[in-house]
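Below is a structure I'd like to ask you about.
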Amino acid sequence: MKQKVISLKGVWAGYGNNNVIEDINFSVKKGDFVGIIGPNGGGKSTLLKVILGLITPYKGEVKVMGLPPEEGREFVGWVPQESDMDRDFPIKVLDVVLMGRMGRKKLLRSYSKEDKNKASEALEMVGLQNIAQKPIGEISLGQRQRVYIARALAKDPEILLLDEPLASVDPNTSEVIYGLLKDLNESSAITIVMVTHDVGAVSSYVKSVGCLNRKLYYYDEKTLTQGMIDAAYHCPVDLIAHGVPHRVLPKINQEETKR
Amino acid sequence: MIEALQFDFMRNALLAGLLISVACGIVGTFVVTKRIVFLSGSIAHAAYGGIGLGYFLGFNPLLGAFAFSLAAAVGMSAIQRRARERSDTLIGALWAIGMAVGIILIDLSGGYKADLMSYLFGSILMIPQEDLWLLLALDLGIMLLVWLFYKELVALSFDETFSTVQNIPVGKIHTLLVTMTALTVVMMMRMVGLIMVIALLTMPAAISGQFAKSLKKMMVLASILGALFILSGLWLSYWLNLTSGACIILVAGVSYLASLAIKNLI
Amino acid sequence: MKGKVAGLFLFFSLIIFVLLSPIAGWASQEEKLLVAASILPQRYFIERIADQKVQIEIMVPPGANPATYEPKPSQLVSLSRASLYFAIGVPFEKAYLGRFFQINKNMVVVDTSEGISKIPISSIHDLTNGENGKSHGHEHSQGELDPHIWLSPRLVKIQAQNIQRALSSADPQNTKSYQKNLKRFLKELDELDEEIRGKLSETKGKKFMVFHPSWGYFARDYGLDMIPIEVEGSEPSAAELAKIISIAQKEKIRIIITQPEFPSRSAKVIAQEVGCRVVPISPLAPNWRENLLLLGDTLAEALKDNSREETKP
Amino acid sequence: MIEALQFDFMRNALLAGLLISVACGIVGTFVVTKRIVFLSGSIAHAAYGGIGLGYFLGFNPLLGAFAFSLAAAVGMSAIQRRARERSDTLIGALWAIGMAVGIILIDLSGGYKADLMSYLFGSILMIPQEDLWLLLALDLGIMLLVWLFYKELVALSFDETFSTVQNIPVGKIHTLLVTMTALTVVMMMRMVGLIMVIALLTMPAAISGQFAKSLKKMMVLASILGALFILSGLWLSYWLNLTSGACIILVAGVSYLASLAIKNLI
Amino acid sequence: MKQKVISLKGVWAGYGNNNVIEDINFSVKKGDFVGIIGPNGGGKSTLLKVILGLITPYKGEVKVMGLPPEEGREFVGWVPQESDMDRDFPIKVLDVVLMGRMGRKKLLRSYSKEDKNKASEALEMVGLQNIAQKPIGEISLGQRQRVYIARALAKDPEILLLDEPLASVDPNTSEVIYGLLKDLNESSAITIVMVTHDVGAVSSYVKSVGCLNRKLYYYDEKTLTQGMIDAAYHCPVDLIAHGVPHRVLPKINQEETKR
């Protein structure tokens, strides 16, 4: 059996005293490509933040590469859905990508030639080599999103956590980046967890899929069906869990029998 | 002006000006980009609490001011990171509480008080020779720290959440930055006065930020600008026999406003 | 890029402008002995003794605030060349004398208060003697000595002698002249003392209020009783203010002397409650003699009024 | 405490406290949410330039301080909107330039100078009766303006670009806000001292901001808290015989820190 | 002929001295539903800002409802791609939507009952009625994007300018909102200009389409083809303009002959 790179056991988490995700049991093995879908406010970004150790869960256990998330995130590249970054800051796109190369291990050392090469390569992968020298405040939103992707790639991560990485990226570039992710996943065995609303992409690229709406419905194979999507988006979670009849449930059953 | 150089105090002032502009250029660049200008004003007033403590417990008030400012800076940085409070509110509170503590402690310690504030403020024309060494040490210390932690400081100022995820010791780096600022402010305040510290931290860095596209260049340009302002301000003050600090600030201020105008015209 | 060029142009033109400007004339050398002192009344004393033979630089303008105080270049040029610094023991000197000495290490600092036995500065606690549980005030105030020695003609006599001695040793050629002037000045001081004594002869033992307790020696010399509003250098707290108002009412205070350097809001508050006059008289006025006479007149008038209204002897 | 009320000054102080807390609660809410705490500290120091101007041109320095602060506030607001400069840098520059102008003008005007800074600072115990009417007028003025322009002020503080697109006169509303702040600061500074103004602007609003979920509630709660702090601070100061301003600030400061702790524990 | 509600003539615009869009000639008639596509950094958001008067063009003339944009925007509802708003601000979702009701005309007046009803309705349209009382800082990004849409709808605008309004919105809600837009366009004759990367949506909902990549290629009917998309995304603009042969050009020509 392959190594579990991410594992969540009975995790409850949220903000203040507002619980957002409930009883999440979820594990990702090395080389997986997991797509996570779900309605707005379903808790997808929250789940990623829990895995990154940015939010401490109320209950349950989180392990990344077998370590607590604060240490495990060493190996994780993260593309945030939205960033705190200061757009007025005098810094060039390439230097932002270079930040992906930074970590606790390298305190006191400045960027090496290799770091710079990696950063340039990552920028090239997302098709932004021509704006490497632009100040970060002077690029469009879609370009900025691609910069975040490059920053995560520059880290050479074991795990990529992507939170709607291509939401504002144009379709041609999206396709290139999806291809790139697929390639990284297949040839370098990089584990990928991607939150997305792009159902088409989920069916074409990911290997397994989870639907998150307070609770997580995880399908260990790539079995995304219209029914599952409908279920995750529409259904009161309890209905599904208890097998009560429902407009879309039959469809799921239909699809599942096909397997 | 040449004749002015025969006076020790003028030579010291020029030398001090050069040293000060380096520290202010580097720290000021972070202060401006991280938007903690207010912190510099606040630290100075919080230092008053330390003076009160020194008086009350009977040790050197200046030492108290120093310790108090650093403690305030570190404490504030910790609270801010923990409570995610708007930083300028916190800094304003720090300012007021520091002063209030000082006033009450001085009240309690009784005795007739000379104007204690005068301990905190100096003039660039009256910098003792020894303080030049102190300034040099400050410059070297700051340069070393910034050189060692440059990429972490930049990352923190730019995007704190991402820095956390990259396992940068965000808390420590933040404290380092705030401490460096506090140290610069408290030391320079004693040498050149508070208003000049604020002016030299903000205006050269702000001007250079309008033209420099990277932090390193911004620091270098800010240091050069600071030195130019101090030199020409001293000149002007000697020539017109006006207060030096005010002249330096005015030169910087006029240049800053001019740079804003230029930037908006082109 | 255009901006960068324009910016640099601006700075350089500024510098060139300054470079080409005529060199100032105020720093011109004179062959007179240069002396420095802290406060304006000292200029009066030194001038009476030196009589144009020395150039005097006063370092602290009245009302200087530590947050904004900064000597001008011309003052420091003088200081760099000064042979003597006449210290008088004002709190300012504690913070700045060291820095002045840094600028001119050859300067001899003369303590003009030498030979004067100072009295403790008076405080509201002297009147209430810690009845409020704040006993430390009294204990401490014993240690604090009143620095306002330039406001008593008798003490000025001692200072004048100190000044003459220092001037003579720094500038021996003119010793004769200094001694002659000192003699004349001492006589003037005696006359002034007599004059004020005459004005205040009928007000012995009367009380007046001041904001800052500057006039302690003056009050002692002329048999008056000074009640300060300020408590150890800060504005009174609420409870203290209440106490001061009660005292003022009990003592039927008729006049409060304030300093024009400082706003006298608390004096006004008390005056409003008690119904008395507030008169600003500066302890730092440059025309020292007239200023003391003015205070004498003011007090004489105010306190005489007071005695007239009082029925009890 | 009851016995203290026989004195006019104590009655005035209590009344003034109530009036002040209303203005501070309302203006402070905007100051905290719009992050312009620093502005309040800066306006106070810029006012020094006005004092210098008054001295130099021979009119009432206080009038000068008033005019200068307002002009500085309006000018700063205009520059900030035009040049899109980081506001705290601009405010820092304003602070330094204002002071420098004041120092130089006072230098130039020669003659006998009082301690001009102390003109700017007062104490809550020494508020003259007339000033209470002024405070009342300020309160009423602020309440009226905020009531009239409430939704515009909120929109501007929340999202400036969108407000522009909605054709709100963003420039004018911004100037209104800054002017209101400057007016409050300058008037209160003269009555209760600068540190207390900063403390009363920030801390009640910051505490109430942690609990109130809307701006209106935040204002009301901040005003009530401000009044509570002033009353208990005055009482404490009377009881322990300590400086009133410092006591009020300490009460507010301790409450603020406690509220941060509570918020982080629950 | 229908009234021109937006008209741009020979507009050049950009930031500082960096020209971003060139020689834009573009007019939108009342009741149009224009989709604008183009690569990241193509200048789509810039174009909308020019129409709103947030950016003053270097050259050319802009009219909105026959007025200069500063006045014409009175009638425009705008959904920004990203917002300046302060997330720590103590304000509820409903109050944010209410801001859509504000304009110069109503200075000195507070919100009326009608305003509040409109705001609630708008919130309901985007499916957020249940979080109306939440503070704006405590909702997810997709929910926030829906709040922007509601804010624009609450204005009762003549024109809607949407800048990737559904980039982070879940697919089910997206479909509802697209339906809503279509309905508004058809039954209330509200003019809509929508920037999007969702090529599928463009083909299903919009009536005409423009491709923006520094220059604008505008097709007055709904003639979106793979060729056009490829052209806008890939081609150096000059190639297309000058009719030089190109892999995708024949397709465009094919489509255009159909008209």
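Lettered A, B, C, D and E in written order, each chain numbered from 1.
Quick note on the criterion: a residue touches a chain if its C-beta (ideal position, glycine included) is under 8 Å from a C-beta of that chain, and two chains touch if they have at least 3 such contacts.
Computed from a predicted model, the values in this text were never measured in an experiment.
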Interchain contact steps from chain C to chain E (minimum; 1 if touching): 2
Farthest chain (mean CA position) relative to chain A: C
Length of the line joining the C-alpha centres of chain A and chain C, rounded to whole Å: 74
Rounded Å distance between chain B and chain D, as computed from the means of their C-alpha atoms: 24
Inter-centroid spacing, chain E versus chain B (mean Cα positions, whole Å): 47
Separation of chain A from chain E, taking each centre as the mean of its C-alpha atoms, in whole Å: 28
Interface hub residues of chain D, defined as touching at least two other chains: 86, 99, 103, 107, 242-243
Multi-partner residues of chain C (each touching 2 or more other chains): 65, 67-68, 70, 72, 234, 237
Junction residues of chain A - those touching two or more other chains: 88
Of chain E, residues touching chain D in the complex: 52, 54, 70-71, 73-74, 76, 78, 80, 83-86, 88-92, 95-96, 98-100, 102-104, 107-108, 110-111, 135, 151, 155
Sites on chain E touched by chain A in the complex: 15, 18, 37-42, 45, 81-82, 131, 138-143, 146, 164, 167-174, 197, 199, 229-230, 233-234
List of chain B residues in touch with chain D within their complex: 32, 35-38, 40-42, 45, 79, 82-83, 85-86, 88-89, 91-93, 95-97, 99-101, 103-104, 107-108, 195-196, 198-199, 201-203, 205-206, 242-243, 245-247, 249-250, 252-253, 256-257, 260, 263-264
Contact footprint of chain D on chain C as seen in their complex: 61-65, 67-68, 70, 72, 132-134, 234-242, 245, 260-263, 265-266, 268-269, 272-273, 282
Interfacial residue positions of chain C with respect to chain B in the complex: 2-4, 6-7, 10-11, 14-15, 18-19, 21, 23-24, 26-27, 65-74, 76-77, 80, 91-92, 94-96, 98-100, 102-103, 121, 123, 136-137, 139-141, 143-144, 232-234, 237
